[in-house]
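Structures follow.
Heads up, the next two complexes both have subunit A, just with different partners, subunit B and then subunit C.
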Partner chain A sequence: MEAPPVTVMPVTGGAINMMEYLLQGSVLDQALESLLHRLRGLCDNMEPETFADHEMVHLLKGQQGQPFLLRARHSLSSPTDPWHLRYLGQPEVGDKSRHALVRNCVDVATSQSLPDFLNEMGFRMDHEFVAKGHIFRKGSMKVVVSKLWRVLVPGNTENTEPLSLSYLVELSVLAPAGQDNVSEDMRSFAEQLKPLVHLEKIDPKKHT
Partner chain B sequence: MSRCRDGIRTVLRRALKVPWRFNRRWWVRRTCVCSVCQVPVLEGKSVQQTVDMLHRQLEQLGAMKQGSFWVDCETYHTTGTASGQPSKLLYVMHNSEAPLSCTALFEGGPCLMADGNFDVLMVKLKSHFQNAKGHKVESRGARYRYCDFLVKLGTVTMNSSARGISVEVEYCACVVPGDCWNLIKEFIQSFLGPNVPELPSVFATKAEGLFVPADAVDTMTQYLELFGKVRKQQVLQGASVR
Partner chain C sequence: MRLAERYARVSRFPSGFIWVAAVRHGNSGEMQQREEKQLEAATESLISRVAHLKNALQSFIYKLEHEYERLTWPSVLDNFALLSGQLNTINKLLKNEKTPSFRNQVIIPLLLSPDRDEDLAKLTEQRVPVFSHEIVPDHLRTKPDPEVEEQEKQVNAEAARIGPDVAQKQIQTLNKLCSNLLEKLNNPREDRDSENAAMRQNKQSFNPADTNALVAAVGFGKNLSNTMQTKCRPPGPVAPGHPGQGPMMTGGPTLQQVTIGGTPSHQGAIGGPVAPQQPGQPGRGVGRKREARVEYAGLGRKWMFIRCWRV
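Up next is the complex of A and B:
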């Protein structure tokens, strides 16, 4: 399963408001090997780690305001592992001094009854996909290179087709709110991956 | 035996800042058959006096005190549901045996074991699920060990006032309720006298010979039932419980 962020546990006596700093980019399928080779050289020396995850995006619609969105993810390669429930807040692009997109983030590890439980809470599944790829780490930074697969028959993760001819590349760090200096480290790491991949802060609002 | 079901690996991982990996079934450490029941307050005595008396009885029996315990339950109700849908109650419970985990459940519905960040998520969900702060119930007290039995004697409080007494008895040498219920009953009888509980409904509704689940859901379901009774008592009796 895709490795969860480095710091997700609450501290004793109250949880920290965690922010995810994110840079995104993509590479064509043909360029994957050279990017992986570069990442193996740059990142921490660890066992090559791959994952195949199924993600379901659930919506809770209230009487007013925006629907509440939660992501439930589980590993297809290790089905007995806990599920991963994720809340992501509104992304903030910020000014030029901040080099990464920032969004509030809550990660919860749960038991396998998560889909039934979300259904009981009133959430309804909006869409689902399968992500397969590789994970790298560099200190507190996490690099995920993954291909997204469209699920053709709802709930059947065997029957999928690739969403595009490219791989999504995400560089992320989880840090307490206000630690904008991590975006500087991310920028310098992203520089080292050029020209294989251009990691940028992509405003999702501009793509809806 | 470690008192913390979250275990030393979680603690070490945090202390050493080791990247946190989802640990397989991290909430599972120990499986026991467990019974939770409410003990009536003795006539003419207060909750505290009755608890003190039970403490003495356990100590006379030879039970060893092993620290303290707590179990709490927060109530959330849905807000802004679509017209015609009844408001649901969601309970989020914590247990000192697994202090980094929480149990979220609907009465008679599905149950979810999650890590402590679920509480943070509920704060984010406050526009859809409102915390009924006045409904927080908790049980706190001492934890005793007597051979293979673990006894937790707690004072149930609601809005900081004592509302009743809870007794949790775990038998850790067996995982099949049907096989050890009579033994547990006999043990409870030795310090509670005639106030022996019936086989908990969580076990009664299951097929005989079935193993208890390893995630302590049965324990939390029993506490939820007990807290529900205490809440109803408050409505019915008002201040009659001293």
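Up next is the complex of A and C:
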């Protein structure tokens, strides 16, 4: 069960094929306040929302090639909420002029028994982390400012340590495939956050 | 308070019901007519400007009261700008040389009655239905409130006290500040950006290395794998030159990146019979131990128990 590249065979299933457009950046802890102020002004007027999530990434190793990755996420601040299962495909290697990272995305809400189910299916948990931060929304764009915490003892989300001194800033849009004006809108929004944060498309494979 | 005193407080003229009109200094009939015409024209335009202002204020108040949820700051600023512009035109109109000085004119109430006057009510949109003793002091007043008058006197005394040179210097400083600010705001963006970028070098608000680290962590879990693995590596009787190692090392690039130091800890799961070097996470326990048991059965149970305990 291999994850084919998305341009060859998008994940289908009777629903619209959704793509995630993504821009990422980071901001140091000292500059967080000014970034939050700016986002509160730029984004839709709603109560500032904070979140604390625990995400576990499960791998299924097939016979050959790339393992299949699934992300299981649940909220630590509201434990009764359903779990969230997400599949992210490979980034589309379309034209280089596209400003955002585009990849296939499938989101499913599940019950509390998700980790056991995945274990029974044969997935193994690869890594996990805790993300705590703020979420803002502007139209269909979602801005998430979060701090990543490394889980020291597996399964124990109380015992964590921060991964770095920065907050991760992600600007994402979920849209059906083929809408390129979305990336234009994202780019103009990212312009407004300069020079506090530089949001750009970062290829996750290109690790430094 | 007595009516006479009230009139005395609000008008510059002596109290009482007999009011002296300001006399125009002996002009010829022609000039009087011309002045009258000017006065009329000025009053007309003043009335129309004030009506515009009133309408603008009315719509703004309506918007504030009924549509405040959808109101955005830029539109509030627009409204204020409109009001300020209209006040400006009224000021300009009053300062215009063609406008006769309104200070020289006096309004004399000729008839006060407590009865309702329909014409007046219609004229003032039902705000002044009766032209009586109560509304005259408010509508025809020529002096400001006593408190306001006090404050004005204080400010004037202060201004007279500091002397003309100090005043001049203060005026100059204010002008300089305003012009500096205007220049900064009017200059093209590039100039501003370059000097700001230089200023911000030492106050970087983001660290590109951190960005990469965070993105790698979220993307494929770099530096996030369990620290237990690195600690629980047994000094291992298991030979590193295990024949199974070769294919494990070349397993997809993602797998190698996952673990710290690239040790093949997870890759035991790829092929069942290949035994892992490290015990791995206790959470995965059952499957792994079973594999290990199969492999090392030959070495004897005692060794195996030791190994499980290390987990």
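In the analysis below, the second predicted complex is superposed on the first by the 190 of 208 C-alpha atoms of A that agree within 3 Å, B and C clash if a C-alpha of one lies under 4 Å from a C-alpha of the other, contacts with A are read in each partner's own complex, and residues count from 1 in each chain.
Assume contacts are C-beta pairs under 8 Å (C-beta built on N, C-alpha and C of every residue); 3 or more make two chains touch, one makes a residue touch a chain.
Because the structure is a prediction, the values reported are computed rather than measured.
A.B. asks: Using the touch definition from the top, say if A:100 reaches subunit B (first), subunit C (second), both or neither.
C.D. replies: It touches nothing on subunit B or subunit C.
A.B. asks: Name the contact category of A:65: first (subunit B only), second (subunit C only), both, or neither.
C.D. replies: both
A.B. asks: Taking the superposition on A as described, I'd like to know which of subunit B and subunit C A:137 touches: first, second, both or neither.
C.D. replies: Touch partner of A:137: subunit B, not subunit C.
A.B. asks: Name the contact category of A:36: first (subunit B only), second (subunit C only), both, or neither.
C.D. replies: In the superposition, A:36 touches no partner, neither subunit B nor subunit C.
A.B. asks: Taking the superposition as given, does A:27 touch the first partner, subunit B, the second, subunit C, both, or neither?
C.D. replies: In the superposition, A:27 contacts subunit C only.
A.B. asks: Mind working out whether A:186 is in touch with subunit B, subunit C, both or neither, as first, second, both or neither?
C.D. replies: neither
A.B. asks: Looking at the overlay, does A:202 come into contact with subunit B only (first), subunit C only (second), both, or neither?
C.D. replies: second
A.B. asks: Between subunit B (first) and subunit C (second), which does A:171 come into contact with in this model arrangement: first, second, both, or neither?
C.D. replies: A:171: touches no partner chain.
A.B. asks: I'd like to know which partner A:87 touches here: subunit B for first, subunit C for second, both or neither.
C.D. replies: first
A.B. asks: Output the subunit A positions appearing in both contact lists, the one against subunit B and the one against subunit C.
C.D. replies: In subunit A, positions 65 sit in both the subunit B and subunit C interfaces.
A.B. asks: What does subunit A use to touch subunit B in their complex?
C.D. replies: Going by the criterion above, the answer is residues 1, 3-10, 15, 60, 62-65, 68, 78, 80-82, 84-85, 87, 89, 106-111, 113-114, 116-117, 120-122, 137.
A.B. asks: For subunit C, which residues count as touching subunit A in their complex?
C.D. replies: 196-197, 200, 204-228, 251-255, 257-258, 266, 269-270, 281-284
A.B. asks: Residues of subunit A touching subunit C in their complex?
C.D. replies: 24-28, 30-31, 34-35, 57, 59, 61, 65-67, 69, 124-129, 148, 150-155, 163-166, 168, 195-198, 202, 204-205, 207-208
A.B. asks: Going by the contact rule at the top, pick out the subunit B residues touching subunit A in the complex.
C.D. replies: Counting only subunit B, the residues touching subunit A are 10, 14, 17, 19-27, 78-82, 88, 90, 100, 104, 106, 109-121, 124-125, 127-129, 215.
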